[in-house]
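Chain naming follows the written order as A, B, C and D, and within any one chain the residues start at number 1.
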């Protein structure tokens, strides 16, 4: 085996990568949900750090907001529930399966490393081509140009993923988390202070996204958090459920496609953004998307986190009824 | 080994780790965590590839990763909704069966 | 085909198909109670087909050949032609279909699921006509498989455990045969392009055989295997005796009109119109076919001896008799070829008569065992007479149709320099006599009353005013087909008799 | 609107209709979905004409060409598959509209829109990352659709989700390798630049694993017989007929473009073929041993996936790969049409009889002959018997096997059909009743007329396309597959 030389690698890089790897291992091997979740959240934060290291601040913000924030929140909520006993399996069998998995995994990693080592260290010519095209895109921030202009089809489809996830989630959870019936003073304060602050932050991220890191997704994630908090604090106006919420969610997607149709009518090319009004159009769409994404994420959270104490009681009642009349 | 290779290999390791765990772990929430770990590995790979060379990083793969992260968040959301349904059904069954 | 054959593009072959296909679709859509309309559709289709055939026979005999073709996939067409052989088979099935339809209408009167039955009944004939008219191997294959599929619901019709089992076994055998046929057809098509039937053999196939005799032999064997299942060649015959659980009209269809006959037709097509007799002999397969056919002839007869169930005995008799056709096709002699072809008709009319009669006994008197038939001749004289005529024909006694077949095959064997064929025919005839004569004797002579002291009243009296022994719709077809058995023997020299036509058809294979 | 803009209709029309369906009434949503499917079908025809006239129809989305932008293109494969998707969605929507019980709830409508948009997008995608996002959209929609099958379907849906997303991650790694090696995610451009046999081999291998998981190719199939039967009937039909086709098409595309650029492709193709052979046998045998209609049909899908990947080894072995391509595509289309018919008919039978167990179906043939006929005809097409589209596909694959001298694939093609027919016959047999015994048949609740007509119409489509398949073949042959190579 060749000796791996780390001479030309920054020690800090090695440490961060090690930390990421270790937290990743911890996140998947720790049997208790709570601890595993915490390890995963740390993993997410360290990843965000790594993103910053590879010159991807947009991704870092998104990771922090979405990966660490919303996903983390979803997981934390899931922890409120009792972890079901894992199915009884013989230790020996578990050990065998784990060993086989580990060996297969090691072989796969080795194969992948062989393949990856053949990749060129030269940057792809795509980067300069894309950067050069940014000035014809209507925005100055390269990633926003890619997301909302060059590859806006991907973005549209990704919105669709979020929208239909929310639609699906809404359909699958009939009983939702209920706002506290009598929000106390603390909750009121939280609602009054934090929610507007988050909304402002979302707005800033949105506008900044045209020239700096940020954009609709990050803004949407923050807005989603604001909606969730407002909901939990009993602000009925922010209810993320029902047909009205669904309408808000689908509006962004439909508007995006409409913009495509307008582009087709105006320039003969679907989703083409003519330079004159590209900035205005992008900002308008981003605003609608932010609201849609925020609402969709809130819906997802509320569907996933719905904890109605009634269910078990209902089941008991049903069982009793069933038992009473066999 | 270069920094690029360090990141690439780490990405591959994390991906495989996550996939193997997804297949082996039984607890639904932990499986979901494993899946998210795996996706983190691929993202790392893509971003490292975007940042090759000394110049400005390639914005295209970065945008791809952004898209990927949002998609994974949506997947995670729907998976938790389902996991909740599954476990509540199990709870209900436990309540009914004894 | 003669050199002066004129090919005419015409939609008539497709119209021939449609005369049973369209009624089939309409009948499926009918409600159970629309009996009159259903019967009208059935008969209209059957009669239209017979009329069409009668119109076509003189034209085709005069050397005209009607042809329809359309693209299936690029480079491969679906082709229908009316050459002499195809029209010969169409005429046979059209005629027998008419008789069977009338019989079936009476047989199934008042029973459930008749729309389903008659729909598939018509489809079955459509498939048979398709097989007959197929101008190339691909078209033949398509209709051959279709025939398998549409007969399944007929065999399973009664829905009893035995019927479903019979249908399942039938399907297992015939679909496996279909796999072999598909392999053979696809392979040969791959090697030589679209395989268009041509009397005397296809030149491309001959070239291919010269190039790669082994492959050509294997393909030929696989093709024979494919059609051999339906033709019930030993040891592929197992389905036939089991499938006799089907209602009598279906048995008639299986044994005389469609399935078994399609297999025999396929053997002749492959031997004479794909490879050509000379090439088939050269490849050594003709001899093998002759031996297999001979073994089947003797084997079927021996097994028939041991059956007490009338339909089962008839089924084994079919196994034996159909192989006469294969035997004739396997002899290098024009008269044997003609014998094989004429036996398709003769066996068809004789066997359908026997099954009609067996169905009559079963329907009227609930008798299905031979041992129960004692004295039935007095109660059902007409049916018994028809049965007797057909059975004697099967044995090969003059002046019945069967005699012509055996005579031609025997002469053909001598002509081909294979005198052992005579021995096979004699053995078979003795066995035929051994299993048919006792039935005839039981029917006519044994007084049933001796044993238990009761008289003929032991048979239930006919419950109809006409005083006939059975409903006319059941009796008439049996009588008609029996008359034809006599006619085909007596009038074998007439211009359009099956025997004369068979010789015309057979000539093609001997340029 | 130019022909190239037509490429977007099958993607965006169902997407908008799906989004609107989330907030519209059930009736409006159903109507819109049906109209959108019909328009999609017309679009497929128009695109087919364009392909026949002048070859593949490309579209640079938003006016940006690769590598910066995304290229979509409709060729024969795209057109035929979009046609299949339109027909399948139309059928499922009609049945779901006729009886809400077959839909599983209102969310059926938006989710079907999303699924249709995603599969149609995959059929025209030439960009691997766009394909990835489309697959995720499809996964989200399909998983949620499965979960509409009631509380107990959640576990099946979740299992499906884990497998599908894991498969997606494998594919995303393939995307990353493609970008890392060729500096683009556009397939044609990547094919031009691909020159490292190991990396390209790895891309194909990762795609194979990822798509095998999503398509339920043996041995990664075990989720499918759980997920597909758990869903509501209209969803089961869509999942088997359509959803698994998306991942198959991506696999085909990657092999079409990148296969010629690596020596590893041919041995990999053989491995895929072996997996396909195992799928045919294993799926067929298990289908024979199941006692519930939907379970039998789901295992049948496992088996049929084996045929759909069989073209992959044949493409590499035959002297004329086009025959293998066309045959494999036709067998896949035939499966889509037939399986939709079979699931819809089985759902109608089960709902009428009140049970999906085979031994509870006795007598259904007398009351619902057309429904049983649809199952039978669909089975005939699946078994590759004439006169159906399945036979055309099988015939061409047999020709390709002969061309390649590949006796083992030939044996599989010929023998596998018998298994297929055996389990179809088992289902049909279970519906027969002994004479005079109509006690069960009388209890049946008659389904809505649409529920009877739709599966039968699908079965009829199989037959019509089996008799006149040449038009499909012309479209598929207008631009030979592998044009990107």
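Assume contacts are C-beta pairs under 8 Å (C-beta built on N, C-alpha and C of every residue); 3 or more make two chains touch, one makes a residue touch a chain.
For clarity, every value in this text was computed on a predicted model and none was experimentally measured.
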Chain at maximum distance from chain B, centres defined as averaged CA atoms: C
Write down the chain pair with more C-beta contact pairs when C-D is set against A-D. A-D
Can you work out the whole-Å distance between the CA centroids of chain C and chain D? 42
Whole-Å separation of chain centres (CA-atom averages), chain A against chain D: 30
If you average the Cα atoms of chain B and of chain C to get two centres, how far apart are those centres in Å? 67
Geometric centre distance via CA averages, chain B-chain A, whole Å: 11
Residues touching two or more other chains, restricted to chain A: which are they? 112, 116, 119-120, 124, 126, 130, 150-151, 154, 158, 161, 165, 168-169, 172
Give the residues of chain C that touch two or more other chains, as numbers and ranges in rising order. none
Multi-chain contact residues (two or more partners), chain B: 15, 18-19, 23, 45, 49, 60, 64, 67, 71, 74-75, 78, 82-83, 85
Make each chain a node and each touching pair an edge, then name the shape: line, ring, star, complete, other. other
For the complex, give me every residue of chain B touching chain A. 1-10, 12-21, 23-27, 29-30, 32-34, 36-37, 40-41, 43-45, 47-53, 55-60, 62-67, 69-78, 80-85, 87-88, 90-92, 95-96
Complex contacts: residues of chain B adjacent to chain D: 15, 18-19, 22-23, 28, 31, 35, 38-39, 42, 45-46, 49, 60-61, 64, 67-68, 71, 74-75, 78-79, 82-83, 85-86, 89
In their complex, what parts of chain D are in touch with chain B? 67-68, 129, 132-133, 136, 139-140, 143-144, 147, 151-152, 154-155, 157-158, 161-162, 165-166, 169-170, 172-173, 175-176, 179-180, 185
List of chain C residues in touch with chain D within their complex: 28, 70-74, 78, 111-113, 115-116, 141-143, 145-146, 149, 152, 156, 158-161, 163-164, 167-168, 171-172, 175-176, 178-179, 182-183, 186-187, 189-190
Residue numbers on chain D that touch chain C, as the complex places them: 365-366, 369, 380, 385-387, 391-392, 395-396, 398-399, 402-403, 410, 414-415, 417-418, 421-422, 425, 429, 432-436, 438, 467-470, 473-474, 477
